[in-house]
């Protein structure tokens, strides 16, 4: 039995509210249950040095948690003088995942930075960041298309992410914090709309998993991603 | 004529939504026109080293801006390895201002940290942070009173803040960004509910001001603070 | 009764010795009682990136305290990896204040950096830094005028600063450290020679103040600044 | 056809030389083709704060690359003031992976730190670090067993890691640098000796992968890990 | 011919003014020609962790240059986030040198920190820092003796330092900046009053030196140190 | 009697293995007894800003110790956010020493960076780094000569270094760690092949030394350097 009473293959309620900041080219507030992440996309007409004169664009991401997004207050990373290892890992993952859905030649030599800031955390913040980040990216790209800055759509597919894990010996979809902190095995699955995989990260802390279990989690993930893609499409249409 | 069409002594619309994060002991989202700040208050049963065994509590604040709270994206302070000078100045001001409204003996030897994170900026973020920060503080203190952790109310008054300045040669109340970026003189006025002053900061960039002008701004500030105190009281009741 | 035996409206003895380092374009050692600050002005034929091609110059300041300028040794900021919040606040204030007395078009596209290093502290180091910093600036600008690098004087007025506060319930001028550490309310007042105000910072720690009290402090400040302007003029003539 | 001429399912030559530093409790130099990593294990009779009084031990890892382990010189992380994001990610992975093979109660309240320093890089440094790191860990634990500090073996299995990817449209085992830099999809597979999985990381840069492809890579990885486990066992016996 | 017109074995004029800050336990301003260094000694009744419960004291030093102590302005180390390599080297040398003249058992378990801040530089700042630093140390120790905190004098000898070098092919004593920047070989010689050596640092940039030349420099250094010891004794008596 | 049983003027066994990394333009592993240092030389076709358009090249060095090169594990400098003072001192010494043997005009406007990473430490790591660093430099320069990038040899001599000290009252050559940690006086002597000196660093911790003692150490150093030069020549031929 899951702490939330959900079925094993049941996602938390997802809502995606767009256009929530007037400055960003694209923005949304994604809520996956009690995990709330503010995502913005910023377009800049320049690329990082390693991409200059390549004729291709770049998509990157940054991630942060507000100090009191968690049940006890976390120290603000800006006062610690650096981003922690977990933050760095997560923002690299978000950037890589979003880039997998982008035709960088069609984007042209410009950069889109997706900022994901967690307002309230309850498990699955990196997956919510990818799913919401794609919505912000989609809206920003729409603006480029509308203005005529680009003429063919550089987004080749939705990108969405969900976590699954083995909780109480059972494979479960979309872990919340009480599950995540107990699960011996958990994974993050990032996919295109058609179920093709972009990134798979499964890890075990104090446990291991078999290929059969891995396949059960992949089945759940495909179901979850399909639901997230629907929510994305509803939000941006 | 003000860019927003407001009268010289007219505040922007203020809204204060409380209870917006489930983890914090007190929280609100304050909106002063298009300036939106998320304020949370965290209670910890310990004080900084310099206050230990003093029998008194401590109130402190931290401030941040999300990277895309502004019209062009700001670099995230966590990636720069430190908080900028402006950030440090502002968070010290917020902390000092809130402490002026607190009986630290009545609070007891515990610390309340008020985090103010700007979601969208349009001028006056430090004043909105103080005004909203007081609401988060009030709610957190209410929780202490309700639980019996403290028995007499340590908050001796509301604390609220407003900016005024000389724009187009005229004294104006509650500067928004278009005004703030043009004003030769501007000030921040932090007061108790009864108009007693906690902190006055007036500065001129490329201009100076007379005592007569200073008094005109003080008159406006008293009016503005009175309105903010009403909004605070409505929000917490 | 003041600890020093001074009258309520009596400044500490001020001395300003110029030309004390052979390298700087302008320099002085200002002594306000036992507060001693070494001020140097450096001219560089370039401006910060945000001023380039603006046809205007820039004046900025940096501030530091020698480790044993205080009664117990302070940790050296260079070994701590950053300037503290108080240092940053003060050097931004010095720079802003000095700029208010400068016609930046007349200065031409060059930068003058004023370094204020406290040799011995006894209260009022930021005010002494502004007052002494202006002398160093004046001497450096004189050099530019003499060499023909500029032809009209970019300094539109003296800039001087003094602190006042409420000590033992009485308004007093030019707080020394024993007063400063006890005063519930204190302020820094930066003015031009004619009494026009550049910056006013009044703050209360564990107290508040009325407009009547604020006016009493302003009266004292005007008297103090007039005396400092005389001392500046004597030093540079 | 692979650049090295290897078969699709052929590992690079592996050699593991133990006892190469006199100071460390366990050490080896692992060579996977031209990727050479020096691994040491250090035993300390204390655990990190979050493990104190838990009755359990801790295993952690740090990773570094010598500046000229790569074809063009990398900047030394010590001179940059911090470890890069990739370094942090890798050392967290090494630590997590090794812990999965450890009974931390049997280890007792002590910490073993595994340092993996890349002497020469040619792809797969993180996998070589895990495989070699386990050998250093095994040798250090042997020392604890021999001295009687612990009485039952805390290592529940070998831990080894190998990378696989899709290169030229084909699944290949144990990517070297020329393959790694071209592969659209690559993954790192960390397993126990019996093939149970500890961590799976597959990611696509500019491509995606199907579940069928993922299964092909898992088949290759099982073969590779079995060979690495044999090499580990030969080295420590 | 030396740029200053001095004889080959002629020191610059030395003056040592003591008691120049009211806060420090010992202080002086040493002037070696145009090199001016402010030295203070601070006594603290604690020692660094590695000396605790050893029954011995510790003497350490810190060094800094004011930004405009040099002919063009140097960046302030506090704003750069760290002390530069040259600074670290110099302050370690000062500390080591002064400790060589101290009986650390007689000092008792306390620390004396000598701060050397260069007000104006013209070559030889590290030597002036050692020579002046010893005077500050002597005065601080005198205070301990006078108060009865210690009963036997922990200073076993004066410590003084001078630079020599080969300039224009000739061995010269006490290099000033024009000589120092041209000299192919230069050295710093730190000695006790009786000529016993504490530290010798000779280095060649773009040149080398023979043992005969080294001996000539040592002869000059002995003469110089004797003169500095006289100046120290005059200053503290 | 020396702990190792060596004669007073006896070096440890020296071996220099070249070509140990495939990426570097020059490389060696130098072993001086149990002190093992990996040295690589990297050629880059650019010079630091202060050398641009000078027509001269630059040689610089960096130094590091692997965390478990010492008997107890040292904290990794990359995780501490900076290189320690000792590291900075040593790498500056290595760079200066190697430059003394280089004709920088003949080198042409390019930079060679010598990295010295200590694999195992047993005293004398800075001397081993210089001696081994020169071998790496020699090999890299040979590559430039062979390719025709330069036509005359910029290396004017071997550069080698050895430590000597006073141990148990006796002058001894080539201190190992047990001697180094006990010696009251020790020195590092860097010379050309012909015995001309580049740098001499003698220092006393808790002791002093006479000129006679200094001369005895110089005699030993000359013997040691001659042996190291032979080992270098054998390695590179």
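Things worth noting here:
Think of it as A, B, C, D, E and F in the order they're written, each chain with its own count starting at 1.
Definition applied: contacts are C-beta pairs under 8 Å (C-beta built on N, C-alpha and C of every residue); 3 or more make two chains touch, one makes a residue touch a chain.
For clarity, every value in this text was computed on a predicted model and none was experimentally measured.
Considering every other chain in turn, none proves to be in contact with both chain E and chain F. Note that among the pairs A-B, B-C or D-F, B-C reproduces the E-F interface, with over half of its contact pairs the same by residue number.
Between chain C and chain E the centroid-to-centroid distance comes to 33 Å (mean Cα coordinates, whole Å). Separation between the centroids of chain C and chain F, computed from CA atoms only, is 51 Å. Shared interface positions of chain D, defined as residues touching 2 or more other chains, are 81-82. All chains join into a single ring; listed from chain A onward through chain B, they run A, B, C, E, F, D.
If you check the complex, the residues on chain F that touch chain E are 82, 85, 88-89, 92, 96, 99-100, 187, 192, 196-211, 214, 218.
Of all residues in chain F, only 21-24, 27, 34, 38, 40, 42, 44, 62, 64, 66-71, 73, 76-83, 87, 113, 115, 117, 119-121 touch chain D in the complex they form.
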